[in-house]
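Two complexes, one shared chain (chain A), two partners (chain B, chain C).
For the complex of A and B:
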């Protein structure tokens, strides 16, 4: 009985986590949200990547969602925008039993961090495609995916241990 | 009140700027009537000796009776004497228009105080003298192979040439009388004995050709007399006189292309007299692209690139008067479409499952720790 009650907050977290995730996926799948939020956001990712590459003096040309270098081109599509990773991290943060304020702060910080990481990811992939094409697939599928997963989990753990605030106890 | 004055000044300044800009780019063309005149005076045209004038001679608005003094012995070939008739009046009107248009063109080089015989070889440009200009000896104009090259000399007061002076053309593209060579004189022009001169003299007041001076071009005076003395004035070899305006070829840059993907961009010429012809005058278009679909003022750079790389070329537009403008482009052509990689998702389904599992587990532990 004691063991079951000690597991209860964990189960509540898991239930909230998946519930939040389902809500996020449903909202993101709505046509208007996709057209007016996700697609423009993806274009923003393309422009951000282009800015990063130009800052690094890489010669590029942007046409729609395609980033071209002299010998390579990368089509940045919807899934490449880091939104999914952002939603998973946001769901975990919101499901955590911390105060609303610290959840909101964690959610915002997590989303920004994931997006910065994703911009660096896309920019590095374009650079690799141009200069070291042979490593492109390995880094694309293996390295960056692992980095994003580990970074998201690490961010969540650090936030929950360091920054998450307990709600005030309700007087009995 | 102060604010109103400042605002007014700003508005007037902008207006002046706009007016100045439009004048600077206006095409200056000698009208079709005045083009037929080798000699045109405002008050009189008088001749001594056996001058030979090839082209029309005219006076307007001078008195009819004094107008034709000296013809003969002066000889007019390829034209007639228009003594204050409608043709001469029309020519004077066109001369005024051309004079004002040339006067409005901004200077590129100020030669004030220098003798034209000492300035060396001049290339196309707008040369100005604040007051008077003097030519002693030869002046060489380098047309750089383009007979339509524009030389404008704007002189504040008088133009004088010393005995035996000359204007010499080099790299003139076969032209002996370039259509865009103008001498705009603020008061009077006097060509010294045996001077050999080239160009269209547009003088506000008078023009005097001393003994045996010759002009390949036109001597056109707005208000005063043209005085001749055993001279040759020949405009028969002069092409239609045009001062070329600034012709713009736009856009300033062209986007890149991709091997195997259709490419089409429109290039437009403006500022001159349609219709325009377009040519690639240096470099080369990317392989697979060509100039096509020309209209009066546009052409397409179109086709399907076949080779990747960076390609530099210049497109030159030539208007109906032979005036040119050009823009240089660099077009980057990316490799073939097969090289376009589709960016994979930030997380594929496997990665997503791993992240969900790790976060769920981490969350359970974190919640338990949080609540303990």
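For the complex of A and C:
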């Protein structure tokens, strides 16, 4: 089998993956969805983070999507609420051939894991902002952003190898 | 869960640290490359060319010769590290693979990294056009309609939230060395309860007969 045909399943996957990403992004960006789903969800993330930090005896105030410490405030937005990683996972899961049940199982387990990791991310960023402000931007952009997406990709790979049922390509 | 998770995590961690070091260490020289490429890309849609992008550290300063900003106005600028962070993800994904240093894997990584430059240029274009459409006051309103303003406002957000990382994942998926994963080929011959057992390859069936 030629190179072109062996690449075809990969191209189909990538096309579906990007289409799903665009659709998810557009839906999440719509005013009503943003106001009634994304923002309340982000507030939930913020309250979870505050609970985590208060358990570690940090002084925390919460107002909507903003977390305040004595010397620092963090407004959690899209890109920091874990929704972006959930979108990547959902798009990859939808693009990969599998049954509805296995997709649902992979998505649910993956989203829970992503949100647990994201709580650690936001909590650590608040702590960094309060105690080591000079490292905040580097860790925010360079470290955590990649780690959360890597976690989503890792979960997709584990899922696709364990639960997905149809092969994407037959060996030539 | 994969049995060989520890070596995978170790390789991925090493790749992540190398990616992080390269991203942080080369951000200034890479900005000097990205600025003229992005300037050329934006000028493709300008007649006469009016956009100038000047690198300053890891910042790209944006100027238009046909728009005079008041001295009190903030000069438009794009932070290149906000655009190039997906390199870390790409590096980690290629490094996590078993036999990461094979010629094919290294070549795949180099091709993906080269393609990522175009993604970064597209990212800069999105950020600059968003500034043009939203932040130049009356000039923006005169030159961008409602649809164009909405589109360019959304473009850099899409890039930051999912586009940048999605591109890195897509490039890795297309250019990685291994064949595409299959449930049956990687599940050590296990089949789900009630699932049809995999049929032997046509040639094998002939031999069995």
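We adopt the following convention: the second predicted complex is superposed on the first by the 155 of 172 C-alpha atoms of A that agree within 3 Å, B and C clash if a C-alpha of one lies under 4 Å from a C-alpha of the other, contacts with A are read in each partner's own complex, and residues count from 1 in each chain.
We adopt the following convention: a residue touches a chain if its C-beta (ideal position, glycine included) is under 8 Å from a C-beta of that chain, and two chains touch if they have at least 3 such contacts.
Treat the numbers as computed from the prediction; the structure is a model and nothing was measured.
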Contacts of A:79 with chain B and chain C, given as first, second, both or neither: both
Partner chain in contact with A:89 - chain B first, chain C second, else both or neither: first
First (chain B), second (chain C), both or neither touched by A:30: neither
Contacts of A:141 with chain B and chain C, given as first, second, both or neither: both
Partner chain(s) touched by A:149 [first = chain B, second = chain C, both, neither]: both
First, second, both or neither for A:10, with chain B first and chain C second: both
Partner chain in contact with A:163 - chain B first, chain C second, else both or neither: second
Touching partner for A:71 - first (chain B), second (chain C), both, neither: first
Touched chain A residues, chain B compared with chain C: B
Shared chain A surface residues [contacts with chain B and with chain C]: 6-7, 9-11, 13-14, 17, 21, 79, 84, 88, 92, 141, 145, 149, 153, 157, 160-161, 164, 166
Sites on chain C touched by chain A in the complex: 1-2, 12, 16, 19-20, 23-24, 81-82, 85-86, 88-89, 92-93, 154, 157-158, 160-163, 165-166, 169-170, 173-174, 179-187, 192, 195, 201
Residue ranges of chain A in contact with chain C within the complex: 6-7, 9-11, 13-14, 17-18, 21-22, 24-25, 29, 78-79, 84, 87-88, 91-92, 138, 141-143, 145-147, 149-150, 153, 157-158, 160-169, 171
Complex interface listing, chain A residues touching chain B: 6-7, 9-14, 17, 21, 59, 61, 63, 66, 68-77, 79-82, 84-85, 88-89, 92, 95-98, 118, 121-122, 125, 129, 136, 140-141, 144-145, 148-149, 152-153, 156-157, 160-161, 164, 166
In the complex with chain A, residue positions of chain B that touch it: 255-256, 258, 308-310, 332, 334-335, 339-348, 351-352, 354-356, 358-360, 362-371
